[in-house]
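Per-chain numbering from 1; labels A, B, C, D, E and F assigned in written order.
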Amino acid sequence: MMICTALVFFMHLGFSLLEIGLTRQKNTLNILFKNIFIITIGLLLYCLVGFNLMYPGNFNGFFGFAGFGLDAIAAADLAYNEGYTYWTDFLFQGMFAATAATIVSGAVAERIKLIPFMIFVIIYVGVIYPIAGSWKWGGGFLDQLGFYDFAGSTLVHSVGGWAALVAVWLLGSRIGKFKDGKPQAIPGHNVPLATAGVLILWLGWFGFNGGSVLSAEPGATSLVLVTTCLAAAAGGVAAFLVSTALYKNFDLTMFLNGILGGLVGITAGADQMGPTDAIIIGAIAGIIIVFAVSLIDRLKLDDPVGAIAVHLVCGIWGTLAVGIFGAMAGWSQFLSQLIGVGAYAVFCIATSFIIFYVLKKTVGIRVPEREELEGLDAHEHGMSAYPDFRMNEH
Amino acid sequence: MKKVEAIIRKSKFSTVKEALHDVGVNFFSYWDVTGLGNEKEGHVYRGVAFSTSDIQRRYLSIVVNDDFEAITIKAIVESASTGDVGDGKIFVSNIEECYRIRTGEKGGDTLN
Amino acid sequence: MMICTALVFFMHLGFSLLEIGLTRQKNTLNILFKNIFIITIGLLLYCLVGFNLMYPGNFNGFFGFAGFGLDAIAAADLAYNEGYTYWTDFLFQGMFAATAATIVSGAVAERIKLIPFMIFVIIYVGVIYPIAGSWKWGGGFLDQLGFYDFAGSTLVHSVGGWAALVAVWLLGSRIGKFKDGKPQAIPGHNVPLATAGVLILWLGWFGFNGGSVLSAEPGATSLVLVTTCLAAAAGGVAAFLVSTALYKNFDLTMFLNGILGGLVGITAGADQMGPTDAIIIGAIAGIIIVFAVSLIDRLKLDDPVGAIAVHLVCGIWGTLAVGIFGAMAGWSQFLSQLIGVGAYAVFCIATSFIIFYVLKKTVGIRVPEREELEGLDAHEHGMSAYPDFRMNEH
Amino acid sequence: MMICTALVFFMHLGFSLLEIGLTRQKNTLNILFKNIFIITIGLLLYCLVGFNLMYPGNFNGFFGFAGFGLDAIAAADLAYNEGYTYWTDFLFQGMFAATAATIVSGAVAERIKLIPFMIFVIIYVGVIYPIAGSWKWGGGFLDQLGFYDFAGSTLVHSVGGWAALVAVWLLGSRIGKFKDGKPQAIPGHNVPLATAGVLILWLGWFGFNGGSVLSAEPGATSLVLVTTCLAAAAGGVAAFLVSTALYKNFDLTMFLNGILGGLVGITAGADQMGPTDAIIIGAIAGIIIVFAVSLIDRLKLDDPVGAIAVHLVCGIWGTLAVGIFGAMAGWSQFLSQLIGVGAYAVFCIATSFIIFYVLKKTVGIRVPEREELEGLDAHEHGMSAYPDFRMNEH
Amino acid sequence: MKKVEAIIRKSKFSTVKEALHDVGVNFFSYWDVTGLGNEKEGHVYRGVAFSTSDIQRRYLSIVVNDDFEAITIKAIVESASTGDVGDGKIFVSNIEECYRIRTGEKGGDTLN
Amino acid sequence: MKKVEAIIRKSKFSTVKEALHDVGVNFFSYWDVTGLGNEKEGHVYRGVAFSTSDIQRRYLSIVVNDDFEAITIKAIVESASTGDVGDGKIFVSNIEECYRIRTGEKGGDTLN
């Protein structure tokens, strides 16, 4: 468990590298700053309020809170005697919490204002995510309904994905992304780092899914690792084959997104699937990714890193797949899954819309045009990520 | 033939490119340079405030026939200017001869 | 064990970073693409056929197979009840399998055609490696002969190394590598990433050798980690001293190759050695590396990342060292080791020669000259690894 | 424990990336070379003499040695039978040992001569650090005095920090760092790698502090991980807030240094603190960092990576904090801590001064001006870290 | 003296360098530029097809004595040409004076 | 107006910049180039010794009014010279016209 926590923590590096790798050099520091902020503030917030919102003990199933602010910590201080699970659990969940915000960070990259984004993070990670989490993992109404989400295809990835969708829509696309209505390519500036990011994320998933067994029972845990890895592999290969067939070139970023899609897809049912199921789920996720990326482009939504396709679309797919494949498959389970997906959709779209809309109408969420053109690093941070390198800016 | 060299803000490059395109100047080469001029940029790094006049600029080198000189300059001045210090400069010099490598032919017709 | 699997998985990142770091920027995406392909397809293939080829149960000692294609998986599905070891074992071995192909990937970098290479990977990882593996780890004839290879100096590293040698020879050297018969330097484009790769590989070796104890017995495992680390350190320092003495400059890439050489060298006998033995084996591996690199140059073989020197030469050294140092040392053991090395040499050279030769004569294995000069990334992938950076190409 | 050892090993990658990220491109290979040297030679030296100096068994409390040179190893060979702890312990401690030298490496970067630095490393890691360590962890006089240092705020970080301070002072500042007495900015060349380095270091701290529990008791270990992570998060956020308030820009490197400051600060008392204490200690460390960085600049000391602020200043703060917060807080404990800090200050300043002063007067410790201007990579290594990239040198 | 500026394909650089060496032109400076011209390159990135005429080129700046002008141009044209669109251009202009920094001396003799 | 182009050692850049500043030349653009000349650098990489004359240099392009030409050249020669082979060159050519993009005005007054 503790090692899994460490691996989940390490996923933040994976996300950061992936996000900067697939965006332009001139906004690198800004993205890193956002992500480092998410990790640190996320942990503090989760300590302050999140954990007690998410695991409120007895509650009405929709919203409960075991104590507020620093009092919560005081309460926790007592509870700490209960044994190690409390501590490890807190840290493991705290590392998860921040992930949802990191997903948004990638999708809104290269044009969002830093301070409004920070405000969003504080509200979303501090309040919305734990409430959403409590519905299932806290023993809330969806849990009682039979909804199943092993390690967060919906609870983590879709929760982040919906907010990313709303944010991207309210924010508008980057200058130059659409020209005469047609999407343009804005290549990422450092594909090796993006690749490293994906492999680090895959490593992190060993902890993410492995740790979600919430026991060190080796049989279950090792099965989960096998399904996780096979789904990732199948997702990658499927995405590579489909994108090569469609576009007649070997696009590494699609391969990478396919791996992530497979990982997100298996997350909801990693402990319910056999290896064959895992391969099928992963492969379908990989295929979905390729079409989702181009669909999102066609909807004039600008998601530089493919976060919506990976986390939202494959998150939904993975959640539904629990009702289709594996040990729990069945019509009634499928329905429960559908209800779960729907409930989260409504809640996350609504809350993230309110947050971003209010921010947009008050402080504004988009940087000025000149700042966007010259790069957020130069304007918000007064620095360059690679000052010794000569650039080819676009 | 004339060589028109323009040093512009990087953020203005795509506007200038389109403006040149509109007047029929589709052939040129460009690269990035650092420029020292009147403009200063202030930064803070690890608590040290500093101001630098070494600012990244884009350098365009456009060789045109004599009758295009004025048109090209006009297009650049209009599209690259923001009114703030640091918009850059244009320098015009003479080119004696030019060759198209592909064919080996020379003269003003090889410019496009 | 599960953690070790995660660490071994992470070695693929190490290999990828090392390989791109020591080659030119214009072929970076191509190398990454190959390596990501190897990881994903390797896992799927190992699931489909490899595992049952490698651990066939009762067999004649040379070739056995516990079931083919999807049937094998069905069979596996049953066997999964046997307990956790089956799962973990599969994943751990599956991660190993791909490693052999990654070694080849580095040696043939910057000039091999993508699709023929993929075909090679499928055959080599799917069929050849597991058969070779079964001879020893599957209980085959070399195992009965007393041949010892703890974690794969021969079974993994030499198997990859021999194929690399054959491939490099059939492929020819990169344009510009030899001028008037004299080797030229083609420096790697990103030494920091290469260094990160080596440290990640070293980390992975904690899992590679640590996990090969195949038990969590702390005494044996910790001894293995100590010998592994000491050999790595000794290999690095020896390579640094020798190369500095010979060439009068501090060559970081030699230092790094020395560390890897030490790691490969100790792999065959990591559990049989005391710390002093480990230091000696590592140091000799480090010295060998320096001479092997320059020997390979002199043979007009072009191995951009030093894969042959590290994996083949030090793999052989490590295998023989089991007969010279440590608990098993002795003339008869040395002979067994020699036979093992010979058997693998014959088998790997023969099979990889057939594969590459057939590919060469049919589809061709080398990219056209212009593609090589302008970079494989631009031609096969239509992208650049670092589009925002201004390059100094050569 | 073994996993913790692996994580501590991985910290060396974190340090290396952080150090190269915050310095100029032209000295990258040199820094990497130094750090790889430290890791490898550090392990060998610790095996040869260090371990027996640090844990001498019965001794006078100031200096003891359980056997010299290779004899020590022979002795160890016997002792190895005592069980696994001996091995794991050696490796874990050996990984620590090198850390102290790595701290110095960052502070003296970009201007120190390679060979004198290597000599310093050999003496400091081989002899000084183990003696210093024996005072507390070896059961020496400070241990008997009641001085407490859980995982090395003083024993590792300050020991490195004092030497860094002395080295920086004797070495002088980089050309161009001070102009007319005023500090100038010399931005680091690769902030993404520096960020990756900090996240890797944080990951490593899971092992550093987690492993220092020296037992796998889950309750204590998980508490330590929670305090470690909260302190890191609080340190980062505090440094970010203070530096943004002071300098009106979002400086990512200060955020990163704040995280490290928090980690160093909690290290001395990670097992004695509750979460609230941890947050306070971390936050204060984060605030200290911002002021320490600018103080060091004002003292005309040139520390490119902020090593002195992070490791020395926060190391002292963390050590004293054990007497102020948490389970051991109290006036007498504070006094013990103060004595400990003082004892190490005297010993480390004295020894490192002697080493560097002798080196300065004999072989010289600073590279010639032209070498410094053109970069140590070109002169000492005859290579460039990024030969394919076009540079913007300064 | 003349300044011969040649914009060539990056992949042709080593051939051109050798050709220049063969005719005795061993002194020049070069850097990489982006060129807009007739040549287009098609790419696909994440499912978006795009074509760009911003292609990386190598820019050679060679200052030669007048009697070397023709030789230099001939060497470049012959070695850099592939016959495909995009082989590049050569521009010739006048240099009034040149100095060797090391010695401070001036004139055509300082060119090597 | 004259264009003074200087190719110097990178390590001499800050000295040259100050020297130019001292004589009142605060406006110029620079970029990095690779130079082939008399200087050779020897390296060893993975056991292969090689020597290259492709050395990184800094290229300064300074457009000055005619009366500044001599001053500028003198400042560069004095500050950039080390006496070793490889100190670089200065080339002077003619500029026919120059414009300030910000205002559109032309002539020698726009040079600063």
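Keep this in mind: a residue touches a chain if its C-beta (ideal position, glycine included) is under 8 Å from a C-beta of that chain, and two chains touch if they have at least 3 such contacts.
The structure presented is a predicted model; accordingly, all values stated were derived computationally and were not measured.
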- Identify the chains adjacent to both chain A and chain E in the sense defined at the top. B, C
- Item | Chain centre separation in whole Å, for chain F relative to chain B (CA means) | 19
- Item | Inter-chain centre distance, chain D versus chain E - centres from mean C-alpha coordinates, in Å | 51
- Item | chain C-chain E separation of Cα centroids, rounded to whole Å | 43
- Multi-chain contact residues (two or more partners), chain A: 3, 187, 190, 249, 251, 382-383, 386, 389-393
- Query: When you check chain F against every other chain, which residues touch at least two of them?
  - Reply: 31-32, 34, 43-45, 93-94
- What topology does the chain touch graph have (line, ring, star, complete, other)? other
- Message: I'd like to see which chains touch which, written out pair by pair.
- Response: A-B, A-C, A-D, A-E, B-D, B-E, B-F, C-D, C-E, C-F, D-F, E-F
- Footprint of chain E on chain B - complex, ascending: 1, 3, 17, 26-31, 61, 63, 93-104, 110-112
- Query: Which positions of chain B touch chain D when the two form their complex?
  - Reply: 34, 43-50
- Query: If you look only at chain C, which of its residues touch chain E in the complex?
  - Reply: 176, 370, 373-374, 382-383, 390-393
- Query: Which residues of chain C touch chain F in the complex?
  - Reply: 183-185, 187, 243, 246-249, 251, 253-254, 290, 293-294, 297, 306, 392
- Interface with chain A, chain C side, in the complex: residues 2-3, 5-6, 9-10, 12-13, 16-17, 20, 28-29, 32-33, 36-37, 39-44, 47, 70, 73, 76-77, 80, 83-84, 87-88, 90-91, 94, 114, 190, 193, 380-390
